[in-house]
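Heads up, there are several structures right after this.
Look at the two complexes coming up: chain A is in both, with chain B in one and chain C in the other.
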Partner chain A sequence: MTQAEIKLCSLLLQEHFGEIVEKIGVHLIRTGSQPIRVIVHDTRTSLDQVKKALCVLIQHNLVIYQVHRRGMVEYEAQCSRVLRMLRYPRYIYTAKTLYNDTGELIVEELLLNGKMTMSALVKKVADRLTETMEDGKTMDYAEVSCTFVRLADTHFVQRCPLVHATENSDPGPPPPAPTLVINEKDMFLVPKLSLIGKGKRRRSSEDDATGEPKAKRPKHTTDNKEPIPDDGIYWQANLDRFHQHFRDQAIVSAVANRMDQTSSEIVRTMLRMSEVTTPSSAPFTQPLSSNEIFRSLPVGYNISKQVLDQYLTLLADDPLEFVGKSGDSGGGMYIINLHKALGSLATASLESVVQERFGSRCARIFRLVLQKKHLEQKQVEDFAMIPAKEAKDMLYKMLSENFISLQEIPKTPDHAPSRTFYLYTVNILSAARMLLHRCYKSIANLIERRQFETKENKRLLEKSQRVEAIIASMQATGAEAAQLQEIEEMITAPERQQLETLKHNVNKLDASEIQVDETIFLLESYIESTMKRQ
Partner chain B sequence: MASRGGGRGQGRGRGQLTFNTEAVGIGKGDALPPSTLQPSPLFPPLEFYPVPLPSGEEGEYVLALKQELRGAMRQLPYFIRPAVPKRDVERYSDKYQMSGPIDNAIDWNPDWRRLPRELRIRVRKLQKDRSTILVPKRPPKTTEYKEETIQKLETLEKKEEELTSEEDEEKEEEEKEEEEEEEYDEEEHEEETDYIMSYFDNGEDFGGDSDDHMDEAIY
Partner chain C sequence: MAEVKVKLQLPDADPVEIENRIIELCHQFPHGITDQVIQNEMPHIEAQQRAVAINRLLSMGQLDLLRSNTGLLYRIKDSQNAGKMKGSDNQEKLVYQIIEDAGNKGIWSRDIRYKSNLPLTEINKILKNLESKKLIKAVKSVAASKKKVYMLYNLQPDRSVTGGAWYSDQDFESEFVEVLNQQCFKFLQTKAETARESKQNPMIQRNSSFASSHEVWKYICELGISKVELSMEDIETILNTLIYDGKVEMTIIAAKEGTVGSVDGHMKLYRAVNPIIPPTGLVRAPCGLCPVFDDCHEGGEISPSNCIYMTEWLEF
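And then the complex of A and B:
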């Protein structure tokens, strides 16, 4: 793991889980698989704290364990999974757009808690939804279960590996750690539960039932005695499926930008049809015939078959090669080139970075070299129609930042410099990796700056919180407007201004983080897709 | 001998470079840019102003989600804080105050069947209306029977308070699932007193929490 990634992981762990978990997590990321005693010794934290940290990290799927020979258990951290924490808000928002508030809360609870059983999850979400509803209304468990089942059917949530049930006849001592297995077929199988109930509001002590004398109420209520029906079956959010959805969204919006709305709808339909048939890492989708696509178009779209065929031909002929034609049966078989699409998106990101950082003339040179693959210094000047001095300057700037690289082609075996061709070229994979590394560094910088800003104004923030708390309590007890006014004036106008600036800055930094994360997603998908093909 | 003469053309000598400068575009006699004598500035001036961030409903919602999530995660039991360091002198009020995080107990209840046995740690029962009291183990008294009945009455009394709110019901469920490896049951060692535990407040909490990280406002 690169230093930039480790630094970013450290900041994320610290923000979300505290210093102790951060120390243990970063140590594991740096040094790889370790048993607990070594962790305790190397990080110089107490055994109890290490245990607590490991429990939290394992619960959130950030650390896995393995039993080695001689009964030693080793723990390994998953750096890439830690970096996913940046994307949590995006996952939750996607769930909201697809499955409304219920889906949003289900995914949020799953992400906040790492893994949960279905019954616990449904209960918690129902309670939360009931809080937000008007007085007297409650959320039924059945509705929440229904949304959960839909999420499982579309693979957005998946089962965690189960504890391998050993037979009772096993005479040896119990293993130091359970082995977890998962059957591929069962991964999205929802257990048959009959969850009956409604969400409960957090009741204040006033609306307590007055009937029963409290001393006589039994100490144990009967629901505690019932065994939980889906005990041991835990669910987690399936991040790969979310990534697939983001990728599809990116492709559709790219097509919409390049061509028009109708073609993007066609591409969206094709992607939807291939959701379950094509694994997410395939380079292209299964071939779909034009007739099938016509039948599966959304109901509102009434374009005729010929128009659809024309659109498909246009898409297939486009130089971007998002859609390809793979045969003629069934009115024409079409596929979506996922790998090429990701490549184009990554390249577009690179071009856009060059343009914003170095100017549009540099971007012209960059696009030229991309297109022509290898160019000499002289040829660059000629093709780009930029004077030699400036072209030289720009090429060197891009070369020094590693967007462009030099390729040597020797004429003689001794590689003498006077007899070697030096060609400029763009290696997309390595440029993408370089840009990804820069993205990690920039997010780390953004987070650090945000923490710095909040720390600077800590005193002021505390004061404003206290004032808000006082106002809230006074409003609850029914104070007059004059008194509230007095309390509000405890924060002076320049302080208010300072708070406003702080809020504005923090919002801006947060929004930038979200934006950089989108670029990270594109680049990572492209790099992953390329590595899988090799 | 032969190699000494042959080394002449291999980059030795001032001003000679290992590659042909014409091929990369530096002609003969061209002025090279001045050499840098110091590291590049920490915040170099920006040539081009960055593009504004996308705004809109989606952006605002995701931003709000992000900030809420940050705040929420700090409040969850998964956020592990170091134990409050012991003060120099043991004070009377220590027995009655809400104790902070402690090292040898975990605040939430994981599924121990899924974790390696070596990670097992005591689960702390956190009651909302009562403070957990860290009283060191007392030697068993001779009038144990009488004390037990008095304590049973008191615990029942305390149970009444708990049953008024939903959250405590859930905590009771947690209690029932407690492990057999609990070192001591905190209920049995509470002080005999008629006062509610939250009665005692010596005002030391005010401004005293500056060393834990809960004080950042989350926008």
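And then the complex of A and C:
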């Protein structure tokens, strides 16, 4: 764990869970897996607080526990999972685009609560949806369950591992920590629940015009004391599946940029067909025949078979090499080269960073060395058609920032500099790692700036909150417009302006964090895919 | 009967006669004659007389002595050249010959020294002499600007020395290259646009968006923005820089020998393309472009809280 990652994790934990959890969490990330006594001792917090903090972290899947030999239980924090918290808005947005508001709220609740049972989740989401609907309308549980089942079918939510039910009751003492197992088949199996009911509105203090709802209200607010049917079956969001979706999106948009809309639709269809058949870390998708693709095209697209074949041939011949042809049966078998696609996307990110930071001539040199693998100083000048002095300057600048590295090839055994070849080369993996580290630090900077801005204007924010509370309470007890006006004027115009600026700044910083996270996603996927291949 | 002693008094036993005979032979064989040929022609002359005659001709500067793999060759010297070297001595002639042999690539003074085994001071004196007589000239090499190569006065320097079409007077013409770059890109872009708008089936669309290097060359020639004659290879180097800019992609197809623009049975086709991703997220934040990124940490002189770049960026 690099310093930048630890810093970022500490900021995220603090923002979401508070000081104590942050202290425990950062300590665990720094020191690896530890038993509880050591944690208590090292962080100098009370056992009670440590227990509660660990509970929170385990609930949110940020800490896992293991029983070691000699019966000790050790807790280990997962730094990468903490960094995923940055991506929560993106997950929620994806669920919204795919499954509308219901899906959005389901995923949001799951992410906020870590793990939940299906019934509790459905109830909560229905309540929330009912609040946003017009008076008199309520959200049916069945609709929410239906969306939930669809989410489980497409693998966006998965079951958490369960306590292993032992057939024979052990006469000995129970183990210090339960081992959790989950059967592969059961991971997305939705229990048969019959959830009947409707969403409840929060009891509002308004008087209703008709007396009827008032009478109905007492009946609805009685909690049902029946046991929850799916007790013990907890669900969590399947982040890998979301990542797979993001990856597919990136590939489709790359194809759309390079070719045209129809080609990108074809690629999207192919990816959709291999969603559940190909594991997410495979370098290639399963071969798909062109007949299958033709059948699975979206209904709106009526292109003839020959045109589809032509598009497929064009995709396979394109220098991008995202799509490859693996055989001729069934009208041509086509695969998508996932590893290559991720590599191209990561390389494009690198190139774009070089272009924005150093200029387009530097970007030309960078792409040149990338394509030709190893080049001498003189050759770089000749190929790039840039005057020698400028080319030298740019190469050294990129060398100092570690985008380009030098490979020495000595002519004589004594490695004399005058008799050595120096070749410039780009090592994509190490450059990607360097850039990833920079991204982490950038996000940490953005979060700090956001907190700073909020802290600067804390007094103003508190004042505005107080004024709003006063106005709300006065409106409830019925006040005249003049009085309301007076109270509103407590916030002067410049202060209002300041509040506006603050809101604008905080939003901009937030949006920027999400944008940097997109780069992080591409680079991390590429690095992961490359490491798996080795 | 008394023995008649016939003493053959050959008419060309005269040294001058021998020399003239040799010169005639040389004229007959302008590429040079070996000693063997002279011997065959005049078998009655002794070797010594022959040697004397040849030496005289050499010293008078009418014959050239060359070494070939069969032996020594004698060649008639150009009368013009013979006149030139009248005032020079052997060393100068040697140096001149070395420079002449270097052709239009020129030769460096150190190489002349190695080849002639003359000391540096002598070489410099001779080179100055020859330059003042306008027999040789010094050309600055574009590769190493301090190095001067010498070649004969009336020869055109080779491309590798002057740099070819992109250099004028040892200066790299960046604006010229830039202008050509943009023109080629615009041509390819409009071609791709028209192909996209034609809305035919995708194969034809793609094939018509390609332009061969020959087409681009013709277009540039017709534009007439270049004062210097540009060859197809020059245009290909410009198109390669566009590839390194990420704006153009290239494929090679096999073409029949006779088709226009094909080189060795294949043709290079170029097409304008869009980048595959928009500028990445990191560069949209000020931290991605910050020059003092490594010095920035909370609580320091440069920190996120007082970052001036962020302040400016937030004001947009």
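Please note the rule applied: the second predicted complex is superposed on the first by the 509 of 534 C-alpha atoms of A that agree within 3 Å, B and C clash if a C-alpha of one lies under 4 Å from a C-alpha of the other, contacts with A are read in each partner's own complex, and residues count from 1 in each chain.
The criterion applied here is as follows: a residue touches a chain if its C-beta (ideal position, glycine included) is under 8 Å from a C-beta of that chain, and two chains touch if they have at least 3 such contacts.
Keep in mind it's a predicted model, so treat the numbers as computed, not measured.
In the superposed model, A:T454 makes contact with chain B only, not with chain C. In the superposed model, A:E356 lies in contact with both chain B and chain C. With both structures placed on the common chain, the touch criterion links A:N257 to chain C but leaves chain B unconnected.
When the two complexes are overlaid on their common chain A, residue A:P413 makes contact with neither chain B nor chain C. Once the two complexes are overlaid on the shared chain, A:L345 sits against chain C while remaining clear of chain B.
Contact with chain B, but none with chain C, is seen for A:E462 once the two complexes are overlaid on the shared chain.
When both complexes are overlaid on chain A, the residue A:P494 reaches neither chain B nor chain C.
Measured by the number of chain A residues touched, the leading partner among chain B and chain C is B.
In the superposition on chain A, A:P298 makes contact with neither chain B nor chain C.
Once chain A of one complex is fitted onto chain A of the other, the partner contacts of A:Q515 extend to both chain B and chain C. Residues 356-357, 378, 388, 508, 512, 514-515 of chain A lie at the contact with chain B in one complex and at the contact with chain C in the other.
On chain C, the positions that touch chain A within their shared complex are 143, 166, 172, 174, 177, 196, 201-203, 206, 237-238, 240-241, 243-246, 249, 251, 273-285, 287-289, 293, 296, 298, 303-305, 307, 310, 314. By the touch criterion stated above, chain A contacts chain B in their complex at residues 15-21, 36, 46, 48-49, 51-56, 58-60, 65, 67, 73, 88-90, 92-93, 108, 112-114, 163, 174, 176-178, 180, 200, 202-203, 205, 208, 214-215, 217, 219-221, 224, 232, 234, 356-359, 376-378, 388, 392, 395, 406, 417-422, 454, 458, 461-462, 464-465, 503, 506-508, 510-515.
Remark: chain A residues 250, 253-254, 257-258, 260, 262-263, 307, 310-311, 313-314, 319-320, 344-345, 348-349, 351-353, 355-357, 360, 363-365, 367-368, 371, 378, 383-388, 435, 438-439, 441-442, 444-446, 448-449, 452, 504-505, 508-509, 512, 514-519, 522 touch chain C in the complex. Residues of chain B touching chain A in their complex: 17-20, 22-26, 47-48, 50-51, 53-54, 58-59, 61-63, 65-67, 69-70, 72-73, 76, 78-82, 103-104, 106, 110-111, 113-121, 156, 159-160, 163-167, 169, 172-173, 176, 213, 215-217, 219.
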